[in-house]
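Chain lettering (A, B, C and D) follows the sequence in which the chains are written, and residue indices restart at 1 in each chain.
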Amino acid sequence: MSSHQQGKKQRSRADWILLFVGLVVGSAFGFWLTPTILYAEKAQPLQFNHKLHLEQVSDGCQSCHFLREDGSFNGIPSIQSCQECHEADSPMGEGANEAAFLKYVEANQPIPWLVYARQPDCVFFSHAAHTANAGFECAQCHGDHGETTKLRPYEYNRITGYSRDIWGKGPIGLSGPPHRMKMDDCAKCHSENGVNRACFVCHK
Amino acid sequence: MRRWFDDLPKYADDSSWHPKGVKRCRPEIFLLWLGLPLTLLAYFTVGAVLCLALGLNQTNMNDYFAFGVWIVVDLAVIALGAGAFFTSFLNYIVGKTELKPIVNAAVLIGFICYVGAILMLGIDIGQPIRGWFGFWHANVHSMLTEVMFCITTYAIVLTIELLPTVLDNKRISRVPEFGTMSHNLHTIMIVFAAAGTFLSFFHQGSLGGMFGVLYARPFAARGGLGIWPWTFFLFIWSAIAAGPSFTTMIVMITEKVSGRKLTTHNVKMLMGKISGYLLVSYMLVKSADTAWWVWVKLPSMGLTMDDMYHNPYGYWLMWFELGLFGWLPALMLLQEKVRESYGWLFLAMLMTCTGVALNRFIFTIQSLALPVLPFEKFYSYLPSWQEWGIASLVLGFGLLVYMLAYRYLPVFPQEPELNDK
Amino acid sequence: MVIDLDKCTGCGACSVACMSENNVGVLHDETDKIRSITWLRVYQIDNGKSFPDTEVAFIPRPCMHCQGGKAGTPGQAFFQEDPLLDSEAHPPCVSVCPATATDYDEETGIVSQIPTRCIGCRYCVAACPYHARYFNWYDVPWPKGTPRALSPFVSPRMRGVVEKCTFCYQRYQRARNKALVDGSEVGEMDYQTACTEACPSGAITFGQLQNPEHKVHKLISSEHTFRLLEKLHTDPKVYYMSKREWVRKMADNYVTRHKKLAQAAAGGGH
Amino acid sequence: MQWDRRAFIKLAVGGVLGVHASPLVWKLMDDSTIWTQNWSWVPVPEDGEVAFANTVSPQTGNAVQTRLVLGRVDGTRAIRVEGNPDHPLGKGGVVPEDSSALQLLYNDDIRVKTPLMRDKATGRIVPLSWPEALDLLSGNLAELVKKGKPEGIMALGHDPDSTTSQLLMSLMAALGSPNVAFTPDARETLALAGLATMGQTDLGFDLANADFVVSFGTPLLENFGNPVATRKAFASWRAYPKNSGYLAQIEPRASVTASQADLWLACNPGTEGALAMAMCAIMIQEGLYDQQAVGAAFGFEDEGDFPGFKSYVLKNYPREQVAAMAGVPLSKLLKLTLDFAKAKRAVAVCGPGPSGGPGRMYDFMAVLALNALKGNIGKPGGVLVQGELPLKPLGEASLATKVPPLVNPALGLDQNNPHAMAEAALTGKPYGINTLLLVGGNFMYNGPSAGTMQKLARQTPFVVAITPFLDESAAVADLVLPSTHWLEGWGDSVSPFGSPVASYGLHLPLIKAVPEAKDAGEILLSVAARLGGKPAKALPYKNVEEALAVRSEALGDFEKLAEQSYWVQEKPNYGAIQFNTPSGKFEFFSLGLFKLLSGRAGNPTALAQMVAGMGVSGGLEAAFLPHWEPPAAADDLGTGMPLLLQAVPSLRTTWGGDAITPYMVKVLPDTMLADKDKLVVEMNPATAHELHLYEGDMVRVDSTAGSLIAKVHLFEGASPGMVFAPVGLGHQAFGFQVADKGMNFNNAAKVTSDPMSGLPIWELTAVSVEKV
C-alpha cells in the first residue's frame, strides 16, 4: 500500500468525522432554534387568579364556564357576568389588576383574553359530549389551569397564530393532553374508546 | 493590460467536461441553444407565479373540467417516459443486452418526464403547500395516492439509475469516491431496475385506474371482462408500447439535430419491433375493451355511444386514437421494411406516441366533458395561456436537462465508435 | 332526504337558505356557473315539447350522499367482476381522495368534506356525476362588513379547496349537544337541514331513511319515488318524487331516449 | 485532516442533515401548511350563544325569525333570517329575498351611513349631521308652505298601509300638498274591483281550502300575495297518491305556474280577462251557475235602463269568438269551464301581472263575476272578505286610505298613480314640482318607468331620498337621509294581496348595522316637529314605536305583540257577506261606480264623455259591467314594433321595494342572466327564426320607453310573437355583487293607465327586436 493511498484513506476517515460533527451541530442548532423562531409571547391584558376565584364561587369551574341550555359551551364569561360579583363603583381590593379590570367594565368593553386552548376555526369541539356525556374532568384536557394563581404568558406560533398549548411544550410535540391538543390526540382517544372517528365528528 | 473578459473563452471552454471521444459544439453556440429551454422556463415561471399567487382561477379549468391540460400532459409524458422502466427491465432483467446502447437515453428521458410531471402536479393542486398530506394522511384506497407514492419513489429510483451516467462524466469520475460509487451502482443496477419496474408498473396502472375507478363517469368507467378497473392494464400496456418508441424517437431527433450517429440502427429497429408487438397486443385488448364498453357497459348505464361523442369531442377522436394512431402504426411497426427505413420507422413511432398521448387526452378531457345527468349542459374547454405556460415546463425543463446531459454525460456509449472517422 | 318535485316551484329558497347557513361566498361573476359554488343547485328541466305543450320542472340537487356501489376499495376491486359485490359503502368521490379529506360516516351515512385537509387535487370533483362538489377557484371577496353575517358553526373556506353540501351537519351537532344536556335523543324534527326548513312549499322532507318512524321512510316506498342516475349504482340518499312520468324519466339515461329531449333539457345545448 | 473544499462540503452536508434531524424543518413545513388553513383574509366568525328574535318582513309580509349570535367580543350579530315556524300562514317557510337580507344589511359599501348632501356648486357629496340635515329639509318644506306653494312638494312612498306611509300622508296633508303616491300594487285594484262589485275592499282567495283553482294570468307560484302561504296552499293540493286540488293557469308562457298546473291554457297576451268573460258566458248559457247566489245579486238580468250582465255577456262574449281571439282551443276552454262549474270548491283568481303591476280592474271584476256565478263568495275555498284589521287610524291619514280613491287622470291630479303624477309634473301641467320626497320604494329603479322617474328627479330642484341604501334614488338625490333596514328599525305591514285572513306584521330593531340610521317614520316625525304648527300637531308621536303602539292598540299588549311580531285573524270569515253596495247585494252592474261617476259628471252626456276620457272602450254600456278591455300595447303593434314584451317573474328576482340580493343573483338560472352578467330574453324558436335570430344572439329590444340589450334564449314555452324578459335585474347600485347584472326591465316597459281605475299598468309593451 503506497503512502499516497494510505493518506487518502486517513483523510477519508477524518472527513466522515466532519460529517458527523456537522450532523450533531446542525441537529442541536435545529432543536434550539425551533421554539425560538416559531413562538412569540404575549402578556394577557390583565392578570387573573383562578385559584382565588375558584374558592369564592359555589359551583367550581362551571360557575363561569358552563354548558348552556342548548348544549353549547360558555367558554370565557362575558364582562357582564364578571359584574355579577364585581361592581363598577366598589373595587374589590386595591390591586392594579382590579383597576385595569374596572376600566373594561366602565367602557363596557370585552376583555381581550388570549385563549390558551383555542382550537382553529375548522374544529368543532363539543364540551357537552366530553363532560356531560363522557364525564371528563376539566383538568383532563386543561391541566391545572383552574388551580393557578396567575396567568402565564400566552405563547403563540408566529406563522399560524395558534396557541402553543395546541402543539405542546416539547420540541417534538410527543406528549398528549393536557400538554398537547393536536388532532392526533383527539383521534387516539376516540379510537381507544370506540367513539366515532368520522371527519365531521370534530370538523365543521 | 488584460481586460476582464479576455479570460472568458478559457473559462467557457468546457471541453474537458465532454464525454470521452465525442465532439460537441462550441460553448457560444450551446449558449444560444440554451435560450430555447430558458425561454420556455421563463414562460413557465410567469404562469406559475400567477397560479400560485392568485389561485387556479388563472386557468380555464372549472368544476366540470376539474382536470385540464396539465393532467393530460402529465399522463402523456409519464406514459411516454415508460421507455425508461421497460427498457431497463428488458436490459437488466430479461437480459436483452442489445438494448444497452439506448438504456441511458431511456433512463434520462424517463427522468425528465417524471420530474417534469411532479413539478407540474405541484402547481395543479389548489393547495400546493399541503401537497404532503397525500403522503402523511394518505388514503390507501385512492388510486391517486398510489400514483403519488409511486411517481415520487420512481423518480428517486430514476435519479439513482441516472446517477452512474452522471458520475461517469469525465471530470466527476476523477474523484475517487465517485468513481467507486459509480462502479458499485452499476453492479447493483439490476435491483433498481427491478424496483423501477415494479413501481412503474403499478403507477402506470394506477394512472389508468384513476379513471377506471370513476364508476359514475360512464366514459371513464371500464369494467366487465372479470376485472375492474380495466384501465389499470390498458394504461400499462399502452405505456410500455409507446415508451420504447418515444425513447427511440428522441434519439433519432437528437441524431438529426446534432448530425451525429448515436446508436446503431439495429437498436432502433429492435425498439421499434418491441413497440410494434406490444402495440398490436395492446390494440387487440383496447379494441376488445372498447367493444365491451360500447355493447355491454354503456347500455347498462342507459347510454349509447352517441351520448359519448359530442363535437368538438366527436367520433373523430375515436377513429384517430384507435385507427390512424392505433392500428395503423401497430401494423406498420410489424413490417421489417418499415423498421429498416429511418424515415418510416420514425413516422410509425411518432404515430404510436401520438396515439397514446391522444388516449390520455381522451380519458382526461372527454371523460369530464360528457354530462352524466341527462339535464346537464355540455361544455368544452380550452386552456388559458397561463396553463400553457405551466405545461411548457415539461418541454423547457426536458430540453434543458437533455441538452446538458447530451453535452456532458456519456449517454450514448456507441457514439464515439459510430462517429470515429 | 326526499324532494317532491311536484311541489317545487323553483323559487331558489332552499339554495339561498343553504348558502346563508353554510357561509357560501358570492363571486364577481356568478353567471360562470361552472365555477360558481351552489351546494344545492336548482336545475330547470323541460319536457322538450313545443308550444303550447311545453312544461318545465325543477330539480333541486344537493349532495346525494351516495352510499355507493358497495365496492369496497378499488384495491380489492381489481379482481372483482364489478363494483357491486362488497358490502362496504363506496361513494364515487370518497375512495378517490388521496389525502383522506372526505369520508363516509357509517353512523349517519353522511359524506363529509374537510376543506382544511383538502389539497385541491379535484379528483373527487371529477368523480362525482352530480356535480355536487365545488372547487374554490377564487378567494371569496366578502364585501366590507358582510362577514358579520357569517355563521360561526361552519368554517369559511379558503381558495384552492373543495366544498360541498354536508346535510347541515352542524345542525346535527347542535341538536346532539342539546340532547346530551337534556339526556334525550336527537328527534326527527330536532335535526332538519336549512333547505328543508326554508322551502316555502314544504317540498323537502328530511329524516332517517331506515327509521320506520320517520316520514322519509314511508315516502321512499312510493311508486312515484326515484333517484338520480340509479343505473350508475351510486345509491344516493336523496330521493325525488313526481307524478309526472317525463320528470321521472329525466332522472336517468335511457338508451331509447329521444336525443332531442335530452338536448332541449340542457337549455338548448351548444 | 485538511481544511479544504471537500472537508467543508462534508461538514456542511452533515450540518444540513443534522438540521433535518431536528424538528425545525418539519415543524416549519407543518406550520406553513397550517398557515394555509388559517389565511388571515379568510374570515373567522366569532362563536357565541344563539338566540332567536321574531320579525315580519315588510317586503314579503312573511313572518321570519333571525338567528342571533351573542358574541363576547363582536357583540350581537344576526347570522340568519329564517321562516318563523309558529306563524300560521308561513309555517317556517321563507323566500330568498328575506333569507338573504343580511347580505345587503351588513354591506358597509352600500349602506347610507350618515346624512349626505350634494353640494350644489361642486356636485360633491358631503356628510351632514342629523340636525343639519333635518333643518335643511324642514327649511325647504317650510319655505314652500310659506310661499303658498305646498303643492310643489311631491312624495313617493312604498306600501300605503304601513305606518311610515300613514305618517307621510299625514305630513303631506298637514303641509297642504295632495301629491302623494305609492308603489303601485294589485291590492288597490282588487280593492277597487271589490268595492265596485261587493262594497268591500279587503278581499281574499281561500286557496288552501279550494279544490279547483283557475288563475287568470297571475303568477300564482312565482309571486302572489304572501308567496310562502300561496305555496303552502299549492303544496296541500299535491297529495299522494292523488292530487287533491286542480290548478288551471291561463297565460301565454310556460311559466312555473303553467307548468305545475294541471291545465295550462296558453292564450294570446292580454286576453285573460276575455276568457274569464267567455267562461261566464258558457256558465250562463249552460245554466251551470249558482241560481241562488245569482238570484240574490244585482244587475244580472236587465233592470230598467241598465243592461244586465247576462244579456251583455251573451251578446259580446260568444265562446267561439273569444276562443279564436285568445288563441285557445274551444274544447279546452269548454272543458275548463265545465270542470270549474262542477267542482265542489272552485275559485277563480286574479292578481298582479307578471311584471308585478297592479293588474286591470275590469279583468278583476270579470273574475269576481265568475266567482259570483260559481256562488263561492264567503264560502270555504272561495272568495272571502278578510276580517277587519283593528288598527287605529293615525290622524288625517285615515281619510286618504280607507277607501282607495279612483285615480284616473281624467279625475285630476288627486291620485295614486306615481307615473301619471310624474308625467304631469314633467309637463308642468297644472304645475311643476319643487321638492321630491322619496321615502323608500327606490322609484328611480322601480319606476314603473325608470326613465320617467329619473327625468323627474333631474328636473326637480330639490330631491330628498330617505333610504337605507346608496341606491338609484340616493344617486339622484340632493339630500340623502339614512333610514333603517327592516331588521334594524320599527315599522309594520298589513295583509298581503289576496290573503283570506287579515294579518298584521311588526318589524323592530333586532340588530344595528348602521348606528346613525333612523326609522323613516322617525325622520318624518322629526321634520314635522321642526316645522311646528299644523304638521307637528298632525304627527304628535315621539317616535315610530309610539305611533305603532297607538295604531295597534286594539291588538293587545304592544310588548307582547312586538315579541311575537305578528297578528293573524284566527279563522277566515265564512258565511253571509255584508255587501256594502248601494243595492246591498253583489253587483254585476256596479251601481256604486255608476253613482259615483254620474254624480261627478252631472248629466248622461258628460258621463259618456267622462267614461271615454277614462279610457273605457266599450262605452257607457260596458263601463259599469265587468268586461274585457283590449290591452293598450296592442295598438302599438305593427308600427315597426312587431312583438310584445312581457316580464318573467320569479322569487329569485324581486318586484320592486328592496333590491335583489347577492345570493339571489347567484341562483339565477342562465335562462335569466348568463355569460358575464348579460340579461337573457326568451323567444319562441319560430318567432326567432322569422327574425333570423339564433340561440345566444345579442339583441336590442326597443320600445318607445327605452331599450334592453340582451341575449336571446329560444324557449318553446314562450308564446310566439312575444319577448319575455326577467324583471328585477340591472341595478346600478348595491355593490359589485348586484350592480350591472343584466338590465332593468323598467327601462323598456311602457306605462299606460288602466281604464277606469287609472292605476299604472305595464304588463305588455310593443317592442322591436334587432340583432346587435
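The definition used in the following text is that contacts are C-beta pairs under 8 Å (C-beta built on N, C-alpha and C of every residue); 3 or more make two chains touch, one makes a residue touch a chain.
Every value quoted in this text rests on a predicted model; they were computed, and no experiment measured them.
Colleague: Quick check: more C-beta contact pairs at B-C or at A-D?
Modeller: B-C
Colleague: Measuring between Cα centroids, which chain is at the maximum distance from chain D?
Modeller: Most remote chain from chain D, centroid-wise, comes out as B.
Colleague: Please compute the C-alpha centroid of chain A, do the same for chain B, then give the distance between them in whole Å.
Modeller: Distance between chain centres: 49 Å.
Colleague: Distance from the CA centroid of chain B to that of chain C, rounded to the nearest Å?
Modeller: About 38 Å, centre to centre.
Colleague: Please compute the C-alpha centroid of chain A, do the same for chain D, then give the distance between them in whole Å.
Modeller: Distance between chain centres: 55 Å.
Colleague: Taking each chain's centre as the mean position of its Cα atoms, how many Å separate chain A from chain C?
Modeller: Measuring from centre to centre gives 38 Å for this pair.
Colleague: Any chance you could list the residues of chain C touching two or more other chains?
Modeller: Those would be 32, 101, 116-117, 139, 153, 155-156, 158, 160, 174, 267.
Colleague: Provide the list of chain A residues touching at least two other chains, using ranges where the numbers run on.
Modeller: 70, 72, 120-122
Colleague: Hey, what residues on chain D touch two or more of the other chains?
Modeller: Chain D, residues with two or more chain partners: 32, 35-37, 44-45, 47, 50.
Colleague: According to the definition already given, which pairs of chains are in contact?
Modeller: Inter-chain contacts occur between A-C, A-D, B-C, B-D, C-D.
Colleague: Which residues, counting only chain D, touch chain C once they are in their complex?
Modeller: It is residues 36-37, 39, 41-48, 50, 69, 71, 74, 77-83, 85, 90-96, 99-100, 102-103, 105-111, 221-222, 227-228, 231-232, 234-235, 238, 240-241, 243, 254, 256, 258-260, 264, 266, 513, 650-652, 661-671, 673-678, 684-686, 695, 713-720, 735-737 of chain D that touch chain C.
Colleague: Which part of chain A faces chain D closely enough to touch in the complex?
Modeller: 11, 14-16, 18-31, 33-34, 37-38, 68, 70, 72, 74-78, 110, 112, 120-122, 157, 159-162, 171-173
Colleague: Taking the touch rule as given, give the residues of chain B at its contact with chain D in the complex, in rising order.
Modeller: Answer in residue numbers: 127, 129-130, 132-133.
Colleague: Which stretch or stretches of chain D touch chain B in the complex?
Modeller: My answer: residues 29, 32-33, 35-36.
Colleague: Using the touch definition up top, name the residues of chain C that touch chain A in the complex.
Modeller: Touch list, chain C to chain A: 101-108, 110, 112-117, 153-156, 166, 169-170, 173-174, 176-182.
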